[in-house]
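Next up, some structures in structure tokens.
Two complexes follow with subunit A in common, the first pairing it with subunit B and the second with subunit C.
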Partner chain A sequence: MIVPVIALNTFREAVRDRILYVLLVFGVLMIMVSRAIGWVSFGGENKIMTDLGLSAIWMFSGMVSIFIGTGLIHKEIDKRTIYSILAKPAERWQFLAGKYLGLALTLLIALLLLAAIFLAYLWFCGAPVTLALGQALLLNFVEMLVVTAVAILFSSASTPIMSAIFTTIVFFAGQLTKWVVDLGAIYKQTHPWMEKLLHLVYLFLPNLHNFNIRRETVLATQSRLHMAIPVDELMAATIYGLSYALALLLVAHLLFKRRNL
Partner chain B sequence: MPKEAQELAAKVVEAAYWAEVTNWQFRLYYIAFAVCSGLLLASCFLPERRAPSGPAIAPSREEGWSWGAWLGRFRRQIASAGLIGLLALCCVSLQNNLDDRRGFIADQDKRYEEAIRKLAAHKDKEEVLRAEYLYLPEGNSLAYISLGNTSLAADYLWLTSQQYVSSSFRRGHKFELLLRIYEEMLEMDPHWTEAAINAGKVLSALEPDRYAVERFYIKAILKNPDNLDLPYEAGRLFVVPPLDLALRKDYSRRAVEWFSEVLARLQKLQERRPSERNSQKIKAIQDMTGRLALESGPGYYEVGRDMLWGRAKDKQFPPAMRSAAARDFLCADSLVLATRLQEAVARHKAAAGSFPADLRPLVKEIKGGQRVPLDSNGMPLDAYGFPIRYDPATGAVASMGVQARRAIVAASVINSLIGLYRDAHNGEPPKDLQELHDFVVEFYSSPYNRAGPAVTDALGMDLNTTISPLGTPWDYDAHAGKVNLPDFCDPSMLFRNAGKILEGD
Partner chain C sequence: MAAFSESAIKTSGLGMIYNPGLFARRKIGLQGLNLAVPPGSIFGYLGQNGAGKTTTIKILVGLQFATSGQAWVFGRDVQDSRARRDLGFMPEDPYFYEYLTGAETLHFFGKLSGLDRATRRKRTQELLAQFGLEQAADVPLREYSKGMRQRLGLSQAIMHKPPLVILDEPMTGLDPLGRRDVRNVILSLRDAGQTVFFSSHILSDVEDICDRVCVINKGSAVAEGPIHSLLTGKVLEVSLAASGIPPQGVPELQGMARRSWHDGALYHVLVDSEEKAQSAKAALEKAGGTLRLIQPHKESLEEYFVRVTGE
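Right after this comes the complex of A and B.
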């Protein structure tokens, strides 16, 4: 029962963080501004509005994961509150799991809030609203679970600044892992082994692009369809995300276990 | 240059330099520079008052108070302030230098256009275009820059293109650059058909060569094979006839082909999921395609005839449009018959070595499943009820009804041109139609006042006002100033069979 307690406390701690509100306010502003950008356009107003809204939610939920996730463990060590927790019958893995779940809960609430505002705004502006948007938001949440796991991984072994830098790099690079394959194609003739190696690297890197169905969602929404991608594809992406997050948390546990506190 | 002039020029440059140096901005700059240098220099000479291992300490009265000793407490701060000030001034100086070389950021667009203009003056078009393209990221890199948010990148390109279109509509190589922007937009979001359709409309307004715009539509269609609006828009590109008469037939054919494709798919859709909207759309496209097919040449007359027949017999179609469809059907049917007879004449010539004396032996040959009306002499009649014209010397076959229809249109155009002539000659009509021809040729000689499609279609590119489509000279009444048509060209007589179609006979 220690994990839910730590998770709840982490959630309480995260919602007290001012940075969360700053990011949320910017996210909401971005969603609101999307209509103005749509007005500027000749045709495709609703499409641009939906595009910008979804991208804003993605970007700001990513920032919440990075900025809050990377400071969580270090804060406990810095304030020495971790000793009082670990002194109780709580394992290190329980501490990590609690922290992760707490942040996941925070993210879920933040995402739901942004999504509610976004969907209400779309509806208010007369733009089509379909279940396809829910698919995009679900995968956005799964993506953030992976990013949070990355943040926890770095945070359990490094300082907050370094963790934030590394997590940001993974967050951006994870969108572009196909680049690694493209890079490998260059070596196809000269160094075939390099191509294979890069393909292997590609397979192991977190492919966050799997969770990006924003283009398909916007297309489906504009066509008033309720499915942006088939359910099995959605399930595959979700399971991939959860598995990857779990693997990262296990690595984080190994690192954290060896850490001298 | 003479030596005195060189000296004078050097003095002018020097005077300009000092005028600039004494400018208040420069004065301020030098004052700030002096103050900062002074601070840095002073910090070097100030004694450091610091305890062996601790913070700076104040000199006591006993040690002998002095300004230098007191300032020594702030030696490091003074040195830092001087250094920061000098670095800031250095940055200001460098920024000014860069601005002088490159100009302000806000002026970059202007400079870019100026550079392109300069380049265009001594380089070929391709090179200038390449330089322009450098301004736009490649599709692939945009996908990376946008972190995989390609839909957002497409929005950006769409908004950029609008900005570019609105800045000055027909300037430079706008078509080429816009085409590139739109193609990349399509690459980023291949299924954003609304933007692709609007892009095609913008491109068609910029570029007289509609085939180039058609190629853009084809790219969009390949990415959206199920979309019906794109082929429809591609067909619409060719609906308005071009000024060049030689292209007109091909334009009509293209439109017919695109519309036929849309129609086939719409009809299938209608079978699966009937809807009133689609039904109306099918009728409108059939009506338009039928008319365009009449302009498209022999291979398309039958398509036009069938479509126009369907429209003329459709009781739910608006009466005025039904009537127009029935009249056009007469033309299409007559053209089909004339074409088939012409083919039969050619076959006869190939087999017998000469043209047949009349069309009677050929009627059976072309009959097939089609009923060919004959007059009392066994000669074939066109849909208007006129005997088909045939010249045994040349083997030319023509529908008299079609020619009469063209003659009505041409007479109307010539009478309008006589009106123009009168306006230019104090109300006097031309003495003869040759005089009218000379006037018309001169009237439309200006590149800003070319003859429109209606005129060239009726009179031909040579603006012939003397010979009627019936192949005979016009009956011109010089006193009344108008051309008269033969009795059989009276519209009520010519289109009498259209009424029968509408009545259901």
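Right after this comes the complex of A and C.
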């Protein structure tokens, strides 16, 4: 009972926070602007619209995860609102889980809203709308579940500014994990330790590139296909994302469970 | 709920050492603290800033973890979250979610305490009325004054009618009327059979309402017991005032009085024992004066506090 109570309250906090609406307006504007950029691209208007729209949603959800997620735990400690909550018969893991699920719910609702606007806009402009877009949006959500877990992990052990910096680094570095391995291969002969170090970085960083199927989605929708990637790949990426997020939350719990407040 | 024959709060050799990091010095928060708070009492927890009061309270409510010793609430280890079912807590300078209204805040804490919807609704109305917050029920907390937050903090602490209420500096920052209201709430909780454990700097309030007190200094309890047994009742000084005494005073009182002065109408004398007071009274009457006042001063809690903390 404790987890849903804290989750719903976190959701309420987010929807009463102006920053969510600023980011939402930004996301909607980006989607609308995609049409104008499509016009100046001489052909392939629909392709540009779809690509930019998906990227805008990705950027929006990334910013919500980072900006709201990194303050989630630290703000509670800093403002001492956590004192009265943990003095109730609530376990610390329930508090963490509630905060995480609350932000995940916020992201889900905001993403559904943006996705509805995006799909309606595509349809209104005569661009093809297929199930492949749903695949991209689903993996976008799973990616943000991972990023939010990263934000919660840093937030439970550091200040909001430091958490935001670290989470942003992980957010962008996570897109490049494939290149980290390639880079390691270059050093294999000259600096083997460097290759090992980069391999470690690869192992620990979340492979957010797994969730980026925007290019495949754009190609699939232009061909009016309903699948950007096979279902088993979609499932594998989803399970990977959920497992990674769960592992991060467990680490966050270990850091937080004996912390003196 | 745990058996009420147990102490409401018990600690045994409770210790807390803060270890801030590689280059900062370790700080002792508590050392070997033994406490036993009987159920149904009002227990005052006194100490200077940094003496360890808030550390003790934070350990009792599960916000901090003792580095040695143990603490129990109604016989249940405080590290067991079920121990917190039996207590309500108001932190010092309570802060709540600014985006929630007063009524939403009470519903939120009611849910966390496991109250059903009907009970939450009933208790919210009762408490808002009891603490004079009915008009502010739908106002966001960002518009609440400090006194209103304090009253809301008390409300959330007693929302689920816990047998033990722990309050950290509940009177701090309140005006005299606010302090009177808090005192009345504490007394009404005791009358309802609940135990109240509170820390305070305002010793007159503690003296007025507490059954027992514990004085803590540098992390250790230096005195504990019922107030009447701690305060010896010994007369520290006696004030006398007489009319009809000439401005130059009474020469006989020189050497006997700790202090004497004339305020135009009355001649005042301060002596340090009841025996000396009798002699001073006789001297004043012999000098043609009429005694208007004779008042012994016994040791107050504040004086006791200063004595036992060695400050």
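By our rule, the second predicted complex is superposed on the first by the 254 of 261 C-alpha atoms of A that agree within 3 Å, B and C clash if a C-alpha of one lies under 4 Å from a C-alpha of the other, contacts with A are read in each partner's own complex, and residues count from 1 in each chain.
Here is the rule we use: a contact is a pair of C-beta atoms (placed from the backbone, for glycine too) under 8 Å apart; a residue touches a chain by one contact, two chains touch by 3 or more.
Since the model is a prediction, treat every value here as computed from it, not as a measurement.
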First, second, both or neither for A:37, with subunit B first and subunit C second: first
Which superposed partner A:84 touches (first subunit B, second subunit C, both, neither): second
Touched partner set for A:9, first subunit B, second subunit C, both or neither: second
Subunit B versus subunit C as contact partner of A:47, first or second or both or neither: first
Which superposed partner A:215 touches (first subunit B, second subunit C, both, neither): first
Contacts of A:260 with subunit B and subunit C, given as first, second, both or neither: second
Complex contact set, residues of subunit C against subunit A: 18, 58, 61-65, 81-82, 84-85, 87-91, 93-97, 99-100, 108-109, 111-114, 153, 156-157
Residue ranges of subunit B in contact with subunit A within the complex: 144, 147-152, 155, 158-159, 162, 189, 191-192, 194-195, 198
Complex contacts: residues of subunit A adjacent to subunit B: 37, 40-44, 47-48, 51-52, 55, 58, 172, 175-176, 179, 209, 212, 214-215, 218-219, 222
Subunit A residues within the subunit C interface of the complex: 1-2, 5-6, 9, 12-13, 16-17, 79-81, 83-91, 258, 260-261
